[in-house]
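The following blocks contain the structures, represented as structure tokens.
In what comes next, chain A is part of two complexes: it sits with chain B in the first one and with chain C in the second one.
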Partner chain A sequence: MKYDVVLIGGGLSSLVCGISLQRTGKRCLMVSGGQNALHFSSGAFGLLGFRPDGSAVERPLEELDKLPANHPYRKVGAAKMHEYVNRVKPFFASCGVMLDGDPERNSWRLTPTGTVRPSWLAMSDVTLYEDSVVSIGRKALIANIAGYLDFNTAFLAEGLEKAGVTCRLEAVALPEFERLRTSASEMRSVNIARVMDHDQVWKKFVEQVCVLLRDEDVVVLPEVFGLQDEHVLEQIRECIPARVVFVGTMAPSVPGIRCQSALKTAFEQAGGEFLMGDEVISSEMDGERVLSVRTANLGDTVLEADHFVLATGGFFGRGLQATAEAVSEPVFGLDVDAPEERTQWYNPDFFAPQPYTRFGVHTSENLRAMKAGKEMENVYVIGSELGGADALCEGSGAGIAVMTGFKAAEMING
Partner chain B sequence: MTNKNEFDVIIVGGGITGAGTARDCAMRGLKVLLIERHDIATGATGRNHGLLHSGARYAVTDRESATECIEENKILRKIARHCVDDTSGFFITLPEDDLAYQAKFVESCLAAGIQADIIDPKEAIRLEPSVNPTLIGAVRVPDGSVDPFRLCAANMLDAKLHGAKVLVYTEVESFIMEGDTVLGVRTVDQRTGEKAEYRAAVTVNAAGIWGHHIASLAGVNIGMFPAKGALLIFAHRVNSIVINRCRKPANADILVPGDTVCVIGTTSTRVPYEECDHMHVTPEEVDLLLTEGAKLAPVLENTRILRAYAGVRPLVSADNDPSGRNISRGIVCLDHEVRDGVKGFVSITGGKLMTYRLMAEQAADAVCKKLHVNQVCKTAVTPLPGSATGSVEEVSRKLWSVPVTVQKAAAGRSGDWAEKIAMDHPMDRSLVCECEEVSVGEAEMAIRDLDVHNLTDLRRRTRVGMGTCQAELCACRAAGLLAKAHGCADRARADLKDFMNERWKGMYPVAWGETLREGEFTQWIYKAVLGL
Partner chain C sequence: MNDHKFEQCIKCTICTAYCPVVAVNPLYPGPKQAGPDGERFRIKNKFFFDENLKYCMNCKRCEVACPSGVNIADIIHSARMRYGHQKPNLRDMILASTDLMGVMARPVAPVVNAVAGSKAGKWAMDTFLGVDQHRTFPKYQFKGFVGWFKREMEASQASYPRQIAFFHGCSTEYQHPEVGKAFVQVMNALGFGVQLLDEECCGVAMISNAMWKQAKQHARHNVAAFEKAVDAGLPVVTTASTCTFTMRDEYPHILGVDNAKVRSSIVLVEKFIHDLVDKGKVKLVFRKDYKARMAYHIPCHMEKLGWSIFTKNLLQMIPGADLTVLGSGCCGIAGTYGFKKENYAYSQAIGQPVFDEIARVNPEFVVSECDTCKWQIEMSTGYAVKNPILILSEALDLEATAKANCVNG
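Moving on, here comes the complex of A and B:
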């Protein structure tokens, strides 16, 4: 089979790149292993939240020239960064994902543990605040689903109390959740969200919340609503006679999964093809060109393309592989920026910056992969597969995915 | 003697030796106080193989330890049934080993009273498919595995049921002394900074390697030899039978299955006493454990490593042995009045997890002699809480309404004590830890009955966070339960950070492959999503 572009990886960067290419007339195939970082998203995107010293960034675009030379944003370039940043909201809106927030200025979001974190653009579940001392209201009713442990109401309440909000905790028990509870490991965000979606169980839940509501001016709910349809969030806000604030849960992320499926639908509606639950296992090369790849499920069927986009992520996404001896890129055997000595890979402090998060595939200025010191002609690397950034400490994971996704699409389109 | 701070005996150290001694003394009717500066089982007790030695390992080189091991082995199978897994064990001879050693080994085992049957290598492979198929000899012995956390908690619980008072997170700062007599201890509460004094006619130093420091507070020198032992835990139970090498004890020659995992170890290196509180596993040790481990079971080469850890053996110096491999694992019970002229002070050290009960018996005998109390030891015949009634299967059946995996896990961990786990309400059955099947009810029972002050304590009691995900989901859930139980989210949040750091400490020495993947994911969740 012959395509214009084969994208390897099905996460945020690949979807953004694939949709852009498909909409400009390129015939694309996406090979996706399944889960990706969107499934573990906070529901908010970060562009650049923190400086290396840990201080919060207010205007990300003003910090770009301070980033290291091999940072993905430096490869995208300042002019393109300004252009892309303002393209993000309309792009996602065209895929059915409404994002809130000022593209050029960071806001704050409330985390599930009651702390705050700088955020850039957010899905409709997440409320963004101008100030780091979040002002959600005077008195809050924090309503959980009875027996659901991944929404940590005690932590949240204490965080809010510190910000001057009086909190009351309640748990709503609905018979619809009994079946989930008999298999205790099923009480996870996505399963709960599925039950909420089914037969509009969320309406019963909201009715119970309304019964519990006294004089509180704000109701805090876990992000387990509107998995299929984000309009449910708006309906919930209309049903409850108080301000409704949704707060994230332990992974998997309901807003993240909803976003992923909206982008996948947009890609397919634009004519893109999707190979789900498959992985590239071999490739054929001619000099610095990749001619074709084969996947585990398609067997002998060869997938040819003019361009290949590698977006398989970091270690978790298996875009990078580490053994006791070395770090490598498993699909094409590309050059990886990582020290040989494994004692250089980690910091003994869990919460300190971890060197391994900066590892990634070595690319040229225009995101083309390097292999054995030579620039590949038709392989582009995007997202967290790229080295040079500590996306975790910077708060830049989604930003890097989207910006490099746009950039690679433009490079391929010429 | 009515003052609440007056006791018959004070025991310093909340490892298995201290817990066992507290139980023994309390069962003999003494008024007991046990003081531990951290949580129970934080030292060598929780940092070993969890091997229920048959004694075979020492049969050739250390007859006394071998005999003690097999006797205690038989006793623990009765009194601590719920902590023991009767796996049986092999001593295998590989082509690079001398097969002639096998005859000497079997002869020594039999002389020490340890059953040792030579079996055909093919039969060994049939019984234990993970064993190195190139083996040229195999001997079967009654090895098993034992959960040291469970064993320590059961001893501690029984001591309390017999009236002992247990203070954890309390450090002994100095002894109250009058001339050359120890009258008691001055302590500081590690959490509040509050100071206190406790008095007793006898104080027992059961602080393991840290006993060196405790003894020095009374002006006594015990020549301790800190021997570090590093181990690796693998994410699967690759073997169901303990695999040892049939040769003189050396590095990384024991592979022990335990619960859902298996453990390879150990190394033996003398470390400076000052470093005993800060053990970390070096890359060289990891490489050695992997290379040697793969000789026992080749599949280990491709098995995910969960974590690396190291403990310090509290050996007592005998000669100039740089590794400590040749020092006897025998029990050292010192009456400091006889040895050093210090009255009211006893040290119990040396020994090993396997012989903790015998160590406790010797220490309690010494205490009773000093107190002129004429009571015999009953610990060898009295089952621990958890093993008191019925079998694990019987208890599981009683918990019939609960999902079967949760039942088995809870009954396996707590034995008949599992009946005290609330399971009636559906909420109690929600799972905190999915890898290890720990329910809300079980976690709450541990918080209520088993001196749980933080997440790491909870892990030692219930295995929360010890499974393949290394706590990425359960730590946050358990922190929520602790916040509820202790009414303080701030403390639980700080505790959660400590816990994640403690988990990472065992992961970074083996941070490649699946372990690094899990590490990256966990860091992403806790830092970026949860915002800790």
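Moving on, here comes the complex of A and C:
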């Protein structure tokens, strides 16, 4: 089978790149080895939240030239970064995902530990604050669903109290959720969200919250609403006479799944083909060109393409593999930016920045992969498969995915 | 370490988000708990085995969603086999013995159909057997596929330049011989002679109903028959997605029957034809007057095989086909699962989003490679469901196709 572009990986970067390409007339096929890291999303995207010294960034675009030369943003380039940041909200809106926030200036959001963290753009679940010393509120009612353990209200309250917010914890018990408790292990965000998706259930829950509400000016709820339809979030905010703040739960992430589903649908509606639960197992190359790949499921059916995009997601997505001897890229055997000496891969202090988080495929300045020291002509690397960034410490994971996804699409379109 | 890679599980719970059973049945512990989490305990002590694992439909959606490559449903069903005490009752044995029931029902098909379709018959099956009375049974055919093939087609097959072996499966033989007939017509037009195999039921329903011994016997029998065919240079071509998936993957993964020599030769007809067209080895000539608005329901096991792309591409080659691909969802039947009284309500609840979408799309008919999906969707929506090979046989100008492939009919 012949395509214009085969994208390997089905997460945020691949979907952004694939939708962009498919909408500009390229025939795309996406191969995804299962679901992706959007399922761990907080509901907010980060572009660049922190400097290496840990201080918070206010305007990410002003920090670009301070980043190391091999950072993905340096490869995208300052001019393109300025252009792309303003393209993100309309792009996601066209896929049915409404994002809040100023694309050129960071805001703040409340985390599950009751602290605030810089955020760039966020889905409708997340409340963005303009500054860090914020007025989250005076008094907060933290309302959980009885029996739900993946939303740690005590943690949240502890953090909020430190910031001067008086907290009261309540759990709402509804008969609709009692059946979920039959299997305690299944009292999970998505299972709750599926029940909450029924209008009469979330309305009943909200009614109960309103009954519990005394003089609090903030109500904190877990992100378990609007799995199918994000408009429910707005309706909930309207129903409760206090400021409603949704906070992330343990995985899987309800806003993340909603976003993934919307992007996959947008890709398929544009005509893209998505192979879920499959993986590339071999490739045919001619010099610095990849001619075709084969997948585990399709067997002897060969997938040819003019361009290949590698978005396999680093260690977590199995896009990088480490043995006791070496770090490698399993799909094409590309060069990896990682020291040879194993002791330099990690820092024995668990909470210190870890060198391995910066490992990734070595690329040229224009995101083309390097193999045996030579630049591949038609293989582009995007998202967390790229080296040079510590997405966790920087708060840059989603930003890198989206920016490099746009960039690779533009490179391919020429 | 373990074949099913349970130690690769990172506890992300993504599988649970895509499990259709968890969404409706609180008794089911969910794929993560039933699979890798439970396995950790079970290998220490079989006491930790939970009989509620039987609620797993084996749809494999957890495995398709898993980012870590864990064979979750394989872990669950291997555990059922290894530690389970579930013994199939009479109802389970009847439901699972699809071929035996076919053989017995055929001579008296009109009577069986009338009884199974009557209120009294349904009440009796519900009351005495535990087969839900709301369920519509597929009709047994008086005349099967194999009889027709031997009478009318077998003699001419050797004249075709290329040959394939056809695994027709139980429902083609006993309920839907038209699928087999369409298969033979299309393959002949493409220049392939069809040979039958000494086949037995693939055994998938036996796996679901804990008839492990019988399932293994069937698996061994079929693999031996396939080895013979493959040694003779014949690929084993099929029309049913679940049989195909079972024979390729469940034989080695769950039953421990080695099919390594034949696995890659067992192929659904949609992939088989698609790859031939793709390589320019056959030509399809379609009728100019064929027009149909169809909606493709991708069966769970097609999702797991990853082969819906072939069916989509083939159907899109038909100039008069207006194809809608339905959203990915389980219809809820899962073979014999939805026939059981205790599962009926769950089964219909699982399938409801699929039924709703079909009603919204309102096609002339639905397309599906799976016959139990067909029964479920026809019963629950009233829309007819056709196997893609049937659609191809209707849309192709068979004579012109034969000519284009230099077949002298």
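Just so we're on the same page, the second predicted complex is superposed on the first by the 411 of 414 C-alpha atoms of A that agree within 3 Å, B and C clash if a C-alpha of one lies under 4 Å from a C-alpha of the other, contacts with A are read in each partner's own complex, and residues count from 1 in each chain.
Keep this in mind: a contact is a pair of C-beta atoms (placed from the backbone, for glycine too) under 8 Å apart; a residue touches a chain by one contact, two chains touch by 3 or more.
It should be emphasised that the depicted structure is a prediction, and the values quoted were computed from it without experimental measurement.
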Specify the outcome, clash or fit, for chain B and chain C once both structures are aligned onto chain A. fit
Quick check on the superposed pair: does A:Thr115 touch chain B, chain C, both, or neither? Answer first, second, both or neither. first
First (chain B), second (chain C), both or neither touched by A:Gly34: second
The answer to whether chain B or chain C touches more of chain A is B
For A:Glu158, is the partner it touches chain B (first), chain C (second), both, or none of the two (neither)? first
First (chain B), second (chain C), both or neither: which does A:Val133 touch? neither
Scan A:Asp278 for contacts with chain B and chain C and give back first, second, both or neither. second
Go through the superposed model and pick first if A:Arg318 touches only chain B, second if only chain C, both, or neither. both
Is A:Phe350 touching anything from chain B or chain C once the two structures are fitted on A? First, second, both or neither. first
Once the shared chain is lined up, is A:Thr301 touching chain B (first), chain C (second), both, or neither of them? second
Looking at the overlay, what does A:Val190 touch: chain B (first), chain C (second), both, or neither? second
Overlay on A puts the nearest Cα atoms of chain B and chain C apart, in Å, by 5
Which residues form the common part of the chain A surface touched by chain B and by chain C? 40, 181-183, 185, 250-251, 316, 318
Chain B touches which residues of chain A in the complex? 37, 40-42, 46, 111-117, 146-150, 152-155, 157-158, 178, 181-185, 187, 248, 250-251, 253, 314-316, 318, 321-324, 342-343, 345-351, 354, 356-357, 392-393, 395, 397
Going by the contact rule set out above, which residues of chain C touch chain A in the complex? 12-14, 16-18, 22-23, 26-30, 32-33, 37, 63-69, 264, 271, 274-275, 278, 303-307, 309-310, 312-313, 325, 328
Hey, which residues of chain B end up touching chain A in the complex? 280, 283, 286-287, 290, 403, 406, 426-427, 429-432, 434, 439-440, 473, 476-477, 479-481, 483-484, 489-490, 492-493, 497, 500-501, 503-505, 508, 511-513, 516-517, 519-521, 523-532
Could you pull out which chain A residues touch chain C in their complex? 1, 33-36, 39-40, 179-183, 185-186, 188, 190-191, 194, 250-252, 257, 268, 273, 275-279, 295-301, 316-318
